[in-house]
Amino acid sequence: MKDWTKHLPPMSTLGPLLALLAACAFFALKTDNFLSAQNFSLVMQQVMVVGLLAIGQTLIILTAGIDLSCGMLMALGSIVMTKLATEMGLHPLVAMAIGVGATTAFGLVNGLLVTRIKLPPFIVTLGTMNIAFAITQIYSESQTVTDLPEAMTWLGDPVMLLGTPVARGVLVLLGLYAAVWFALTHTAPGRHLYAVGNNTEAARLTGISTQRVLLWVYALAGTFYGIASLLSVARTGVGDPQAGQTENLDSITAVVLGGTSLFGGRGVIIGTLIGALIVGVFRNGLTLMGVSSVYQILVTGVLVILAVAADQLSQKQAR
Amino acid sequence: MKDWTKHLPPMSTLGPLLALLAACAFFALKTDNFLSAQNFSLVMQQVMVVGLLAIGQTLIILTAGIDLSCGMLMALGSIVMTKLATEMGLHPLVAMAIGVGATTAFGLVNGLLVTRIKLPPFIVTLGTMNIAFAITQIYSESQTVTDLPEAMTWLGDPVMLLGTPVARGVLVLLGLYAAVWFALTHTAPGRHLYAVGNNTEAARLTGISTQRVLLWVYALAGTFYGIASLLSVARTGVGDPQAGQTENLDSITAVVLGGTSLFGGRGVIIGTLIGALIVGVFRNGLTLMGVSSVYQILVTGVLVILAVAADQLSQKQAR
Amino acid sequence: MHAAAPTSSNPVVLQATGLVKRYGQVTALDGADFELRAGEILAVIGDNGAGKSSLIKALSGATIPDQGEILMHGQAIHMKSPIDARRQGIETVYQDLAVAPAMTIAENLFLGRELIKPGFVSQMLRVIDKKRMLEEAIERMNDLKVGIRSMTQAVETLSGGQRQCVAVARAAAFARNVVIMDEPTAALGVKEGNMVLELIRRVRDKGLPVILISHNMPHVFEIADRIHVQRLGKRAAVLNPKMVSMADTVSVMTGAMRPDQLPAEALC
Amino acid sequence: MHAAAPTSSNPVVLQATGLVKRYGQVTALDGADFELRAGEILAVIGDNGAGKSSLIKALSGATIPDQGEILMHGQAIHMKSPIDARRQGIETVYQDLAVAPAMTIAENLFLGRELIKPGFVSQMLRVIDKKRMLEEAIERMNDLKVGIRSMTQAVETLSGGQRQCVAVARAAAFARNVVIMDEPTAALGVKEGNMVLELIRRVRDKGLPVILISHNMPHVFEIADRIHVQRLGKRAAVLNPKMVSMADTVSVMTGAMRPDQLPAEALC
Amino acid sequence: ADQPIVGLITKTETNPFFVKMKEGAAEAAKAKGAKLLTAAGKQDGDNAGQVTAIENMIAAGAKTILITPSDAKAIVPAIKKARDKGVMVIALDSPTDPQEAVDALFATDNYKAGVLIGQYAKAALAGKPAKIATLDLFPGHPVGAQRHNGFLKGFGLAANAATSNELSKPAEVVCMADSYGDQAKGQTAMENCLQKNPDINLVYAINEPAAAGAFKALKSAGKDKNVVIVAVDGGCQGVKDVAAGKIAATSQQYPLKMAAMGVEAGVAYAKTGKKVAGYTDTGVTLIAGKPVAGVDSKDTTTGLNLCWGKK
């Protein structure tokens, strides 16, 4: 009788999902333009960069770490790839690969500092955040890079899906979430990542190379940030040295809203996507309602708390 | 023979202290103006606001929480007290008390949400951060409040101490650090705070009211933010609605640089003061050296990592 | 020393009826009854997962049962948290010890009941008396004859048995009404285990009833006045250790024998 | 069943000489020697804090000793982490169990050695075979006769004894060379404890030597071929359980008797 | 050692406007043999960071400090302390409040910059009823308010005066959103505005990156042809966007010039002890792709020659 419940996602994802649906229902009632496939596609497109950054952030938080450098690495990656493609005249694909390589290298450095010298992730990524920011400014002379080859914005262009235009980058985003979900839940390395975050010492004692897992996670997160650079460049059509400054907090917010614990080892990647969508829906819906910007901030503050509180209270009920 | 070591501060404070001394030595060699009592007093004055915010932040982090709202609460407090004193014509002391009361009330709300509804501190304080920011903007109409009564800047004025002018606020800062250090290490409530952060469930089972401890901690942190408002108003001579935006990260950085664990239960309050000073010394010394501002950010990134790495490696050596 | 009084006539101190505790699909307590009499040592035994820890967690306020009633001296009490249990004078050694790993032995011993320095100011500020706490800690731990080299070590650096001694010493020192011990000797050596049994007897001789959960049958038979057998979340029987054999007890515990197959005098 | 072979003539599998491990002012190991022979069950006993866990942590790569040498089949080995020990085929049950509390029983059993689905793609991606892992987990836990109602429960929701069974089952299932068990029966009930002893015998009968740390003297005397007595961070003696009484053993362990006061045939 | 030391404090590190300002200052300092110290707030609005920078520069021996105040009022007490120590303080780009708090001001009038594009937009719409979206800076920022209100004033709508920090919102403004002067956020804001009101035909953007973001959003929605976008700054990239027809017009300002003038004044003060005083308008020029009747504007070729104040 109770059997069908076991096909539901775990409670920790259900909560954020309900919050998201509640927010959607609210805005659908309050505004005319909210409830359309096209508007939803728009929101997806708006959260695509933060959503991708949040994949890397989730991986790191699941290992009980935190990454303050993600936004700056994204900015660095987009400057590197756009400058190489325009000023150095490299083939766009090569330039893009080098850009992703640069963020991956930075991620690897984060990982090496965390594993080899055993520095707290907060400090390491605070340091690389500053370093990446400075390099970005120096290398770009703080100038936006424009006139990109078309291949670099290809991911930002829409394809028609069931009559709705959807940016290619959104499909990349969804594909990566699916892939990471599979890797985390159905492969051995994914389970090791959870084990390391849940009880590092136990993972070490059972013979998991915790250092190697962490190193991989940070490097891979760097790669995801590089892909976020690709999407950011494709979306805005420029290489923007000012990008990424608010995305650190936004990505962490998406992870935590999605039900992942900052203490590591507990959380579901799909929750992060929902968390990112919650923020995007708030912003979109409040603008559609014509709420002025200060009040938007006020309402967002209240809603964030309400969303998680509703989740919390519903779980208490269920117990 | 080894006995004298037990009078030293614990290793976790020694490391940051060594990093601070190393930074001071470096700048003393590299610049003419660094090594003077007056310059040191200047640095103290510059870190006084962040240093005070970081007291509250330390308390919260010791309980395995985090506070993103501290800077915004400070801004709110300073707007409330300055507006009441100027526009409403309240007696400055009354206005200041109400300002501190406002931040305390907000801290209490944070605490209630964390303890009663059991929301993650990250989410709660993210929400109140936004709410406090919006209220500050609405209440102040985003206008800086000027023409303050003299009593409100009294704390910013210097007194002569051994021939060096030292801002009164610096003395307040040092006094509060000493008081909190005593409370944390020598009183029962202080030890309970550590126990809650170290193992909440164990603390609960031994009969400590973990909820009450947490509630107190958040409310008290709010009070410290209110005192930081006082210092901020006294230092800048105005009520600034844009204040506090960078202070969140700065205060957390000071705490972590000072050797306190983000996982709670482990850390020393004096380390936080040292952590705040490290950041202040970097900024002051690099400016004195004439390093240009982008490169200052680069160097700060590298130095933060080096400081903690040196600490970490020295501890490994000691083992 | 061991007063062989027929405790089954003593007044009931702590009583529970029909306790139920469910976790999702798992039923940890399935209508368990319980009865502790004044001045007795009551052993609680049962297979792993039989619900012993769940039972005493309900009795000590650590969890709130879904159903059932708890009575203290015949009066229903409603404990919302371990603080309520402490107010009732119930002290507990939990199976997973409930220590703060980063804090020292002395601090853990006095956690939640720190010794406060005399003097008005100290009392107001609740300044702790570190010196006296250290001295008393040394004394308590010596009682258990456990060789700990430094009392200011963090508990996380202790060996498994040493850590258990900290938890036992704490409960024994502060109980005013009932002491509950969940497998207090599991990690202890022969010598230290005997010291804990000795300690339990001393507590009982002070007049406090003791609940002892243990898998160590020789210990149980050496010390218990009555034996509560827990099985599948229920109380299966209460046995008299002087009238029943160890083998029969184990049979009842594992379900190989029904309690009514035992002679009537074995039950109590 | 219990092959009473004089194992003292068997070749030495694992050996250690002069192990020293210091933590600040505390010396956990103070020049300890150790010797494990092929096909034997070697019990390690000692007071709380005697350095038993520290000894086996050094043997399993969990800590790196400050001094001393470890030899496997006569060859010096340098283990930097538990991974190295696993490569040598050494499996260990740690006293604090080393489980990931938020993960399920099946996942914990196979942690670090997940079963991978057949097929090239699955092998490349290292896709785990959840179904087979669940089945095997049920089988392993049934071996220990522990009644766990749902195998997809998180380990943190298990009772103390159930959790210990998970750790024991894991080590027993995967050992290829040496099995080390640090107090595997401490939290177990009578039935479950006996099942673990039975399991240890089965492992030995497969030809693998077992190191068993235990405070339970009846267990030790029932099962051990030789007894290593650890005292104050050193090996005090190696005793032959067939030639020495339990009381004498305890005396040696607690320091009440010097080993040379025992008859020569008691030592081995 | 008797090299004159000049300090330059900008609002942030990242805005191309301030980067150009630094470049101008560095060049002038090199030419005049002065030592340049630079510092910036962590982000726009970081007054405390600027106060700290002033103190540190005085400690480093700077006799002249050039500052683009993040907060016109809040910085005043710190500037007063500096001037009391004999330091000459010059505000660049935006004034302090009161303006007399500094020795001199080299700046453009942001309100006026707004008025110019407002006038241009009014003419460009040629009598069509306006449906306006404004992509502003962020809450509480004076420059954001001045440009926004100036734009509305120039357009002929009711608007707050230059001293107000509050954004006016007449009925013609159908959507107001914050862009933080950032291209990606400008794009998101524009997308949401379009969703709210698809008939928007005039976009005011706080600066050119935000305008570029708005253009991208309009283009994706297939509406880039019928919408007029106006912005402020006149940076080289912005003028290129005007030339390319993405932005209709922009008000050009000259950070390089301000900074160079500031450094020169600082060197002169160090050599002669004479301070500069008063307000020097470094000028605003309207750069438009297509000139409209009744509003003075320069073409993009001129704009590119002048951008950031190169000449």
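In order of appearance the chains are A, B, C, D and E, and numbering begins at 1 in each one.
The working rule: contacts are C-beta pairs under 8 Å (C-beta built on N, C-alpha and C of every residue); 3 or more make two chains touch, one makes a residue touch a chain.
For reference, the UniProt names are A, B = ABC transporter permease; C, D = Sugar ABC transporter ATP-binding protein.
In this text, all values refer to a predicted model and were calculated from it rather than measured experimentally.
The chains that touch chain D as well as chain E are A.
With steps allowed only between chains in touch, the distance from chain C over to chain E comes to 2. Pairs B-C and B-E differ in how many C-beta pairs touch across them, and the larger number is found at B-E. With centres defined by CA atoms alone, the chain at the far end from chain B (ABC transporter permease) is D. Ranked by separation of Cα centres from chain C, the top chain is E. Rounded to whole angstrom units, the spacing between the C-alpha centres of chain B (ABC transporter permease) and chain D is 49. Between the Cα centres of chain A (ABC transporter permease) and chain D there is a gap of 44 Å.
In this assembly, the C-alpha centroid of chain A (ABC transporter permease) lies 32 Å from the C-alpha centroid of chain E.
Counting only residues that touch two or more partner chains, chain B (ABC transporter permease) has 134, 137, 294, 297.
Those residues of chain E in touch with two or more other chains are numbered 13, 43, 139. In chain C, 25 are the positions where the chain touches two or more neighbouring chains simultaneously. Chains that are in contact with each other form these pairs: A-B, A-D, A-E, B-C, B-E, C-D. The residues of chain C lying in touch with chain B (ABC transporter permease) in their complex are 62, 81-83, 85-86, 92, 94, 97-103, 107, 111-114, 116, 125-128, 130, 170. Put simply, chain E touches chain B (ABC transporter permease) in their complex at residues 10, 13, 22, 35-43, 45-49, 51-53, 55-57, 59-61, 70-74, 76-78, 97, 139-141, 145, 165-166.
For chain B (ABC transporter permease) in complex with chain A (ABC transporter permease), the touching residues are 64, 66, 68, 113, 117-120, 122-124, 126-131, 133-135, 137-138, 249, 252-253, 256-257, 261-263, 294-295, 297-298, 300-302, 304-305, 308-309, 312-313. Listing the residues of chain D that touch chain C in their complex gives 23, 25-26, 45-50, 53, 95-96, 146-150, 153, 157-162, 165, 183, 186-193, 215-218, 250, 253-254.
Considering their complex, residues 13-16, 19, 43, 136, 138-139, 169, 175-178, 180-185, 187-189, 191-193, 195-196, 209, 212-213, 216, 220, 237, 240 of chain E touch chain A (ABC transporter permease).
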